[in-house]
Amino acid sequence: MKYNKKELLNREIKHIDIKKFNSIPLIESFDDMAFQSRNLARACEIFDTMIKEEKCTNILCLAGSLVSAGLKKVIIDLIENNMIDIIVSTGAIVVDQDFFEGLGFNHYRGFINADDSKLQELMIDRIYDTFIDEEDLRVCDMTTKKIADSMPPGAYSSREFIYLMGEFLECNGKNPESFVLSAYKNEVPIFCPAFSDSSAGFGLVFHQTEKKDHISIDSVKDFKELTELKVKSDDTGIIMIGGGVPKNFVQDTVVAADILGVDAPMHKYAIQLTVADERDGALSGSTLKEANSWGKVDSGFEQMVYGEATLTFPLLASYVYHKGNWKNRKAKKLNQFFE
Amino acid sequence: MKYNKKELLNREIKHIDIKKFNSIPLIESFDDMAFQSRNLARACEIFDTMIKEEKCTNILCLAGSLVSAGLKKVIIDLIENNMIDIIVSTGAIVVDQDFFEGLGFNHYRGFINADDSKLQELMIDRIYDTFIDEEDLRVCDMTTKKIADSMPPGAYSSREFIYLMGEFLECNGKNPESFVLSAYKNEVPIFCPAFSDSSAGFGLVFHQTEKKDHISIDSVKDFKELTELKVKSDDTGIIMIGGGVPKNFVQDTVVAADILGVDAPMHKYAIQLTVADERDGALSGSTLKEANSWGKVDSGFEQMVYGEATLTFPLLASYVYHKGNWKNRKAKKLNQFFE
Amino acid sequence: MKYNKKELLNREIKHIDIKKFNSIPLIESFDDMAFQSRNLARACEIFDTMIKEEKCTNILCLAGSLVSAGLKKVIIDLIENNMIDIIVSTGAIVVDQDFFEGLGFNHYRGFINADDSKLQELMIDRIYDTFIDEEDLRVCDMTTKKIADSMPPGAYSSREFIYLMGEFLECNGKNPESFVLSAYKNEVPIFCPAFSDSSAGFGLVFHQTEKKDHISIDSVKDFKELTELKVKSDDTGIIMIGGGVPKNFVQDTVVAADILGVDAPMHKYAIQLTVADERDGALSGSTLKEANSWGKVDSGFEQMVYGEATLTFPLLASYVYHKGNWKNRKAKKLNQFFE
Amino acid sequence: MKYNKKELLNREIKHIDIKKFNSIPLIESFDDMAFQSRNLARACEIFDTMIKEEKCTNILCLAGSLVSAGLKKVIIDLIENNMIDIIVSTGAIVVDQDFFEGLGFNHYRGFINADDSKLQELMIDRIYDTFIDEEDLRVCDMTTKKIADSMPPGAYSSREFIYLMGEFLECNGKNPESFVLSAYKNEVPIFCPAFSDSSAGFGLVFHQTEKKDHISIDSVKDFKELTELKVKSDDTGIIMIGGGVPKNFVQDTVVAADILGVDAPMHKYAIQLTVADERDGALSGSTLKEANSWGKVDSGFEQMVYGEATLTFPLLASYVYHKGNWKNRKAKKLNQFFE
């Protein structure tokens, strides 16, 4: 096979639209079955309960290559229909994937058994079966530098920086379908506890190298702000897609509040869609029952679903969308809390 | 079963000593076999090659509950015998587990099917089959606050903060077996790209809440420092235990150097011990061959080993220890670079 | 929790109906995405191609607890709408689960963290989150004995025995929803290469213990018959749900034909829905690409989908059902070949 | 890369020798750790207890490509040192791999990313990273036909047939290292509940095609014989490498005994080394705790170890070998029971 960049990058990934199919009949059947189908049905019910309960603050945790895989619109629909109030994510999803597409770039259908050395020569990056133009990514890196250059020196939370990324997209974006943009408009705060571990990291390192008076991203400030939101909320529920740092970070806010002397309740609801399992003792696959021993997640309304997110997340989101209980829910606009 | 805190926390986890058993005969047999045994044998050879090649800077990436599981001494022995030069880790391993034990606390043998609600009442935290006294952890949290309180206000890298944790242990530690302490003494830099996502996060949030003039942890500075070390090195090799942020962060330094206009080579060697797989497209399980497309890891000397780290990491480390090639290797003492 | 048999067995598992929801829009979206969603979309296309190609004999392989999990009707619909021509299955699915339900018994919703010793005292068997009344199972065991007792002594293939089970259900069944019954009526042969490893094994051992002149189940005859069907077919395609013996058995027929001196083509199409992976070298998770080296599966139209069958199988079957290409397909009625 | 058969098949797989390394210090360290290392340590203790308890009949279950991966000698050492009394296996391990090597053939080191179509042209079969000469395999197939041709017509258990395979190797074998041969000499019965699903299946189909008066392999007889051994034993313990049919078959003997009106106890000890997990409800990954609900495995001395067998099985076997408790154990020679 001859590798030609243009031919390799000729079919774009498209994002699934949960409004165009109704998963309710499927999920209701799943509820009468067993194994992961029933687990998914229960996760759907829990998420729907969270939406119905007005006092509950809903936190969406994102890890894995979700946007490059076609799940961007799912996240946008959850934001724009007031189903989630806070996002905690890996940096790659927010910057390299979503902001990247907001700048007008695309992800492409690739294939698994590629000759990676040849891809590298062509500056094509591979994620399993997906291709990315590394030259586009470099533009994304530099855009984050430009944003940093425009900011007064000081220590910022990732949330503050991402807010400015949303603002940037509003003025300069080339694709209105971006959850960073939607979150900006809907005042939904986005946190990246490991923000430098992303395309923004490249831009920010460049920024700090060039400028003596520069900005810094203070991960403590992230944790402080998220804990303040937790404290401010009556009840909280978490929807975790994948594990990693976002999962741990959100769970820890309960303990952080406690340490600050505030009596915040455990997360009342918790669901996780994951392929990880508990057997290696790592946090990503640790059960939510285990999190109960830490005083982080309450028992009763927690559910693990073992399955890959491109299969399970659209079904979950379509269910709650078509249930329609979000119609009676007010936007919490939590970014306003920090103004 | 009646839950009594003292009885539940009565048998300490002990750390395996790679010097006390010689895995070379086993690994040499594995090399003639198939599947993961052969993969592990190849990883051993690659690590040993890294140690023999004087110009190669060896970076150890740590993710998962490694120290609570009894792997602390393995890491210490790699540091003290000059087999690794840089550590990139999750915050939990460094603070909640290693520094925690340095303060004199312990992890305990627990069991899987515990009643987590009862554990929570007793302030016992569970990691799969391991128990931790939450009251001890709170002391650890507060100790990081004390360290932060003693520092001049400003933006620090996690490396700088962890260096002070090492200093603290040297003066006030109650257990000399700590890799934070060993790294401090041997000038091995430790980076935690998501530092707040740990026990230190609690202490630091408290610190920032109390003090107007406070410190911050600048994750960009972490990335900048690590990239500088990458640039400064001739060749680099990475030994990854688990995936997560450390894996991504280290790989990204190649690209970061490129963006800064420095022509740093790809990581020449790369091995990963993991239970994750590639099928969900997430970074933790992405193959090192895939990393080659990104221009991060060179092809030729990369090896994935699919197995849980408590089984594979001691065998890997015992092999290189007993091969003895570290005896001719000089300590790089890379922390001195930043002085 | 007090364990009361009646209360524990009070909510039946219900079988999902692929005719009641249309997965085509979902699958078409999946085709533009990545990871397992795209893999599933490709599997759907391949299965649909198999149905469109009149000369292709479609073989369904079944492993795992599929019927107890609510997938019985999916199998029935594939049979009754002429989408599959041969079934190769584990014994448990055919006897303990499908025939069992045909006798009027049910599977029940259970839960994971059950006290298994207490369940055992109550004669309740558990499969992950599903309960079965062991007393019902014993009736099923004895029914197979009754069938065996009625047969002239001799060596039978499992196919022949299962045909009589279908006949038994037609006369004595209490629930017409049984794929053993549907296959009987539609002349679809069912093979269980490890037939004694099932509820029928119990009945047959009892039969052989009681009678000097008894029947035997000749697994060679199974292999011979299945190979004859392979030889007789122009092209073949296999849809594998799970791995295990059925996967291997069907693939081997290509080689068996070759050994008998017949030039049968490799399986032209092959899809597998599974949670297993290739890293332990076991057959269940071996890739279909690997099967190509054995000359068993042709390259070009093979697809692995990594996901649990309760999630993926209904979507696959609903897709081909609603595509409607089975309407032009004639029933092959392959059981008639052996008359 | 040019594919040349001779070059591709130039380095043989060698079998690990548990006598040449002593895993006791490693396993004792593992016992003080966590996760799978501790689980493996507990499995070692349970197996050692089984060996010490004279009245316990030890059943080894084998699934996966164990012999091709270099684990043949482990099995031989367990047999020849009286540590196991019965083997239940997949057909492929017994015929395609062990008997095959007994005939003087070998497995070869291969590699994963092979061009499988080219391998197929060269008649090289691939198992993950291992190569086999398909022409050698055909000789193996035909040898089983020869054995069948020499037998008086009738219905045989797989155990009876495999016994004759051992006899054949004693007279005609070219490599004395074969567990089929060792089991024959030590009167250890070997059962393959799905015997036709192997190289022998090819030979037997050919045999049945050629001869009107032929033999058959009666899987009911297998089950009956194994149940008789279970009934005859005081206590039983099972060591399962992988899952599949052998796991289920052995567990079922408890129920079979019950159905025959004999009050046989549950399996007192049970350990399983596996990579499967419980989340898909399939038998291979079902927990041994779950098996307790079925009345098959007693609670108290059961242990799952999640890890790949090439890593874990040699450590387990070396531990019990060097513990030396087999020295006081008498061979049960259970094949004599059927004479």
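The chains carry the letters A, B, C and D, assigned in the order they are written, with residues numbered from 1 in each.
Everything below uses one rule, namely that contacts are C-beta pairs under 8 Å (C-beta built on N, C-alpha and C of every residue); 3 or more make two chains touch, one makes a residue touch a chain.
Not measured: the values here are computed from a predicted model.
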| item | value |
| --- | --- |
| Fewest hops from chain A to chain C - one hop per pair of touching chains | 1 |
| Chain separated most widely from chain A, comparing mean CA positions | D |
| Chain pair with more C-beta contacts, B-D versus A-D | B-D |
| Distance between the centres, which are taken as Cα means, of chain B and chain A, whole angstrom | 25 |
| For chain A paired with chain D, centre-to-centre distance based on mean C-alpha positions, whole Å | 46 |
| Chain B-chain D separation of Cα centroids, rounded to whole Å | 39 |
| Touching two or more other chains - residues of chain C | 34-36, 65, 68-69, 127-130, 277, 279-281, 306, 308 |
| Topology of the chain contact graph, where touching chains are joined (line, ring, star, complete, other) | complete |
| In the complex with chain C, residue positions of chain B that touch it | 34-36, 113, 277, 279-281, 306 |
| Interfacial residue positions of chain D with respect to chain B in the complex | 13-17, 20-21, 23, 25-26, 29-30, 32-38, 40, 65, 68-71, 107, 109, 127-130, 306-308, 310-312, 314 |
| Chain A to chain B touching residues, read off their complex | 63-65, 68-69, 90, 92, 114, 116-117, 119-120, 123-130, 134, 138, 141, 155, 193-197, 201-202, 204-209, 216-224, 227, 242, 244-245, 248-249, 252, 255-256, 259-260, 275-284, 286, 289-290, 292-295, 299, 308-309 |
